[in-house]
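In what comes next, chain A is part of two complexes: it sits with chain B in the first one and with chain C in the second one.
So, the complex of A and B:
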């Protein structure tokens, strides 16, 4: 076995002890890495029914067989834990130098359990693990925490993954940040870290990574690097993901004012084109990425002059149109504050948009907001609310719980416009005008997510009527989910996907060239299905029921009021039909449960054993 | 031969560090950024470039080496290391203004860019996905600068 170290580092914060566990080839070849390996370790290390913010809920950091090599975009890691937002599997990806450091320190995975008696940070110096006091780091954002730790260790090679003040205060959608601007963003992994009183994990990884066939790997990678400069990645290289704004706006799929509209009259003001023309400062890349999609923008004048910030479509949509905001400087400032407090930008935008609708409908008044006019389109209110969520100040304390809990507490009909699936706020694709994506959001294993269930691609492909729900979408959604799970386990960035001509053939070959482990295209294809069944098995163990696969009332009651998809709405019958179709395509029961023979067919006997206790 | 070195166009560099990976693969037979002869520096998110040995005309590393292990080859204008003499003391590393010399603890000697003279072109130049790297001379870089300033100057 090459590239993999076959080692998992287990850190118990309660006893401040560490141990190494072996990860055998039979396990690694089936779960591969990233989300697959991470979820498999979570299932094994966690107590069934554990409260997400309790010491019994481990947080797993999983590397992969390709990380640390020159395979394009493979410098990623997955964070997997039970989500404090959904109560189900919370898997989130991040990338770049910290991911490399974890692998180069000699670990395929890191599992953190227990709870420290006072705030600590870990310093993993290759084979040596130091527990360090972290009280002096409290209140710092991720960039400052990194700077402080690097100053203390005196070495730029030390890479840091940390939580911000939002994670310290257990904001349920707090993230874990690394390399100053990368985040394991969704599902609240940072709150789990915060609940363990673990402020940061610093790593100095200095070991080499050997692969099975270096020449073969170099040849394949050189071809992929060249492909990554071609038209198939043009969108990411030229405008970055903000290019989506105008496309989705035209399709009536750009969620606006908390999904009250699906197109935004201010879309031009915040478009990728406008950003590139007026704000672009630099384009950078994650480690080992030949594409380079990170667009760093700089504010030239006004109250936020000098601010430099990276922006992706999802952050832009959530802090922009979703809150009715067309001021780029305010969006950049809000994004910067989200990064400082270490909170997920999508959920933050979703919660603020929900509160703005509460304010406009009179459920929240200026008495509740300390005088703040929390109306759609008010850029100062947006910026101020990010601060309050990060500090859990006033109404921010309620919003820090996420839209599902906040609306359950607020009542007054506000559940109608709490836009989440399984507690996870929806990303920037309107499910009423993208019906395969509606199915994807409803059944999503980590809640509503366009990355784990990227079926907007089905809706946007030629020959598909995106406004229509029809049999067959279940299978299409399953295939998209399984493909995503393969990418998330290898781990490869989704932006590389079009650089492959025959993905399973080329990617399985890359895997074998790196690790020396035989992997056929069919084997790799099965990994995707295995990983999604594994995540589902975890969810079922943690109490998932059939009723959890659903969408918020607005999607069924409020048709899209204007634009190309004017009048589009979802019916309960059509969503039910697509969900049944999907369960069938997955080989699950009508209630969405996994028959034991399915796990056997997917060579998951180890999981059957774990589930039987 | 005119002095040549790896030049990085900082406007094009994205900080991906693929140069570090391929350099170490080529020189060490594995991925080992610590021993890459070209290293990326990114002090802030928007400032990033790659740096390799520039084969200084009056090289401080050669001057400080207490064992006279370093010399400049007149033929190729690259730095030559007499491994038998090198003790891995690292004084050359301290003397280098560019951080372009690395200590290899396994061989107890230092390593630096050799321009991959045995190959048609340096590996990092060949593979850089953004074509930010080139095998260049001071004169070529200066010519580019002169052309740029001539093109943009409004007073001509």
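So, the complex of A and C:
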């Protein structure tokens, strides 16, 4: 076996002890890495029914067979844990140098369990693990933490993943940041790390990574690098994902003012086109990425003059139209604060938008907000609320719980506009005007997510009526989910997907060339289905029910008021039909449960044993 | 016969316009629309339009207002039609 080390490092913070566990080829080849391997380890290492913020909930960092090799965009890792936001599987990806360091230190996975008696950081120096006091790092953002740890270790090559003040305060959608500006952003992995009093994980990885067929891999990768720098990925380099703003706006799919509208009159002001013309400072990339989709923007004047920040579409939508904001400087400032506090930008925007609607409907007043006029479109309120969430200050403490919990506490009908699925705030695609994506959001295994269920691609395909729910969408959504699970387990950036002529043929070959493990296209295809069934199995074990696969009331009651999709709304009957269709496509029962024969068919006997045990 | 094409993303950058109005002979198709756009801006060839097939490259597509996404370039254009030409959503 090449590339893989076959080693999992298990760290128990309670006893401050470590041990190595073997990851056999049979397990690695079936779950591959990333989200697949991470979820498999989570299922094995966690106590059924454990509270997400308890010592019994491990946080798993999983590398992959392609990480650390020359395969473009493979410098990634997954973080998997039981989410404090959803109570179900929480998986999130990040990238760049920390991902490489984990692999070069000689580990395919790192599992952290228990809880430290006081704040600590880990320093994984290849085979040696140091537990270090971390009280002096509290209150620091990820960049400051990274700088401090590098200073202390005297080595600028040490890579650091850390939580910010939001994670320390257990904001339920806190993230884990690495390399200063990369985040495992969604589902609250940073809160789990915070609950363990683990501020940071620093790694110095110096070991070589071997591949099975260097010449063969080089040849295939040369082609991929060329493709990844061609016109196929040009759109990512030129405008980046903010190019979505005007497209989705025109299609009435840009969630605006907490999904009250689906188009935004200020869209031009925050569009990728406008950003490129007036704010772009630099285009940059993750480690080993030839695509370079990251756009760094600079504020030239005003109160935030000099501020530089990267933005992708999701951050832009969530801190922009979702809150009715068309001020680019304010959005950049809010994004910077999210990074400092280490909180997910989508959930942060979702929570603030929910609170703005509460304010406008009188459920929150200036008495509750310490005088802050929390109205849609108020850029100062946006920036201030990010601070308060990060500090859990005043109403920020309520919003730090996420919209599901906040609305259950607020009541007054605010559940109607708590826009989440399974507790995870929805990303920037309006499900009323993208009905396959509506299904994807409803059944999403980590909650409503466009990355795990990227069915907007179906809705934006010729021959598909995005405004209609039709039989067959279940299978289409399943295929999108399984493909995403393969990418998230290999791990490859999703922006690479168009660089392959025949993805499963070429990617399975890449895997074999790197690891020496035989993987056929059919095997790789099955990995996607296996990983999604694994995540589902975890969710079922943790109490998922049929009723969890659903969408917020607004999607059924409030038609889109204007624009290209004026009048579009989702009916409960059509969502139910699509969900039934999806369960059937998956080979699940009518209640959405996995029959044991399905797990056997997917060669998941180990999972059956774990579930029975 | 006149139709309008709204432009998004890199298309807008290349053509330096957010929309163009095209005058076409009756019976024209979407292929004629595309060809007309390429005549106006040759840089569309390559990144947006395949130089060999003269069809749109992978992620680029037409959307007909009030109808939906289209892939048949043989589709006839009617007077007053409004099309959006875009790269489909890119994630993020």
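We adopt the following convention: the second predicted complex is superposed on the first by the 613 of 613 C-alpha atoms of A that agree within 3 Å, B and C clash if a C-alpha of one lies under 4 Å from a C-alpha of the other, contacts with A are read in each partner's own complex, and residues count from 1 in each chain.
Rule of thumb we're sticking to: contacts are C-beta pairs under 8 Å (C-beta built on N, C-alpha and C of every residue); 3 or more make two chains touch, one makes a residue touch a chain.
Fair warning: this is a prediction, and the values are worked out from it, not measured in the lab.
Asker: Between chain B (first) and chain C (second), which does A:424 come into contact with in this model arrangement: first, second, both, or neither?
Answerer: A:424 contacts neither chain B nor chain C.
Asker: For A:180 in the superposed arrangement: first (chain B), second (chain C), both or neither?
Answerer: Only chain B is touched by A:180; chain C is not.
Asker: Tell me which partner A:461 touches in the superposition: chain B (first), chain C (second), both or neither.
Answerer: In the superposed model, A:461 contacts chain C only, not chain B.
Asker: Touching A:286, do we find chain B (first), chain C (second), both, or neither?
Answerer: A:286 contacts chain B only, not chain C.
Asker: Please report the chain A residues shared by its interface with chain B and its interface with chain C.
Answerer: Shared contact residues on chain A (touching chain B in one complex, chain C in the other): none at all.
Asker: List the residues on chain A that touch chain B in their complex, please.
Answerer: Going by the criterion above, the answer is residues 68-70, 72, 100, 104, 180-181, 206, 208-211, 214, 218, 222, 225-226, 228-229, 281-292, 294, 296, 298, 308, 310.
Asker: Please output the residues of chain B touching chain A within their complex, sorted ascending.
Answerer: Touching chain A from chain B are residues 14-18, 21-22, 24-25, 28-35, 42, 45-46, 48, 127, 129-130.
Asker: Along chain A, where are the residues that touch chain C in the complex?
Answerer: Listed in rising order, the residues are 231-232, 234-236, 238-244, 246-248, 250-251, 272-273, 276, 312-314, 428-429, 450-451, 454, 456-457, 460-466, 494-495, 498, 564.
Asker: Mind listing the chain C positions that touch chain A in their complex?
Answerer: Residues 6, 8-10, 12-13, 46-48, 57-59, 61, 63, 65-66, 68-72, 84, 86-92.
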